[in-house]
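One structure is given below, represented as structure tokens, and several questions about it will come after.
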Amino acid sequence: MAQQYQFNVSTPGRGTIDITRQVEQFVRESDIQAGLANVFISHTSASLILCENADAMVRTDLESWLSRAVPDGDRLFRHTMEGPDDMPAHVRSVLTASSISIPIVNGRMALGTWQGLYLYEHRTEPHRRTIRVTMVG
Amino acid sequence: MAQQYQFNVSTPGRGTIDITRQVEQFVRESDIQAGLANVFISHTSASLILCENADAMVRTDLESWLSRAVPDGDRLFRHTMEGPDDMPAHVRSVLTASSISIPIVNGRMALGTWQGLYLYEHRTEPHRRTIRVTMVG
Amino acid sequence: MAQQYQFNVSTPGRGTIDITRQVEQFVRESDIQAGLANVFISHTSASLILCENADAMVRTDLESWLSRAVPDGDRLFRHTMEGPDDMPAHVRSVLTASSISIPIVNGRMALGTWQGLYLYEHRTEPHRRTIRVTMVG
């Protein structure tokens, strides 16, 4: 039987927030020893990534790359009524992920040593985001 | 026990087609109350995205961005025998998704309010595409 | 009950390696007839893609596009101590996938005719990479 949990994250605006521990806690508290933990974000202007967790500069550089590749206020975009960062946020969400499944092994999330799970807020203003974790095994 | 369904979509050429209702119907007709619905596209020049469903201009702008980032007929490409839009279609597919898992909660797909599930046809000519839905719970 | 396997791949440096057969073998050897095979890579500078398997030039062109879009040694990047290809490798991993779920139908991976599953090494030097396969059904 699948087990599901939901939690909210208040973001301070654009950038990444480590949610590894919160998801790991749900996995430990479940009785699933082997299976999958699916992490899902119910939004289209924030997303999920797995990324190196040792040097925070990696995520700063990722942000620099995305800011250059999908510039805010790009005159290419016509969906502009929600602000110059809204349409870029939708593109960034499509280029990254809304749903990531992670193996559960021996009752724990089997991430690599340097892998962290991050919520990526793409809007410049603070938002409240909802994450759902579904575990099957 | 997993439950699986398959359906075909005839695309009119490049662009997005909302498949949310078709997948939602399979989820409702299944007896899975809590779990995951995996949506999988068996092609490498069409893909899947979760995207804002309120303003269609969002997907038009996404298309504009992809057309600029991965231009048809780019002289960079050497795999050109299937047409100037074929290699860009493969790159677009890799940048988006071929497989998306969506939570099933209370027997329904738990998408966000503004989240739609779309088949993204990347070829300029019409194609017939196959989507497979696998539900586990 | 989920079934899990793990295998290592020695990469010769940047490029794609077909892992379809190895994953398919795990699926055949399992007793799951219908479900999902999740493939997960425990690294942040190598990733997974589903891509056309007929013409190897498609993956060469994909590499050309990524090399241009995320150039090695880009002065934009500040995380440079692990080499000019390290930060681009992290960006490429985020743009592609670390986790892909593939339907299992009649005890086999239900890939499309032209779909291959590839490990994508993004570092220029050889590495040893770990892939975990989790099957649920």
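For this structure, a couple of remarks:
Per-chain residue numbering starts at 1, and chain names A, B and C are given in the order in which the chains are listed.
Here is the rule we use: a residue touches a chain if its C-beta (ideal position, glycine included) is under 8 Å from a C-beta of that chain, and two chains touch if they have at least 3 such contacts.
Only a predicted model underlies this, so the values are computations on that prediction, with no experimental measurement involved.
Rounded to a multiple of 5, the C-alpha superposition of chain B onto chain C involves a rotation of 120 degrees. Two copies of one sequence, chain A and chain B, touch each other mainly through non-matching residues, since under half of the numbers at the interface are common to both. Between the Cα centres of chain A and chain B there is a gap of 20 Å. Counting only residues that touch two or more partner chains, chain A has 36, 69, 95, 97, 101, 136.
Listed in rising order, the residues of chain A touching chain C in the complex are 34-36, 49-52, 55, 57-58, 60-62, 64-65, 68-69, 95-97, 100-105, 110-115, 136-137. Residues of chain C that touch chain A in their complex: 1-4, 36, 38, 40-45, 69-70, 74, 76-79, 87, 90-91, 93-95, 97-99, 101, 130, 132, 134, 136.
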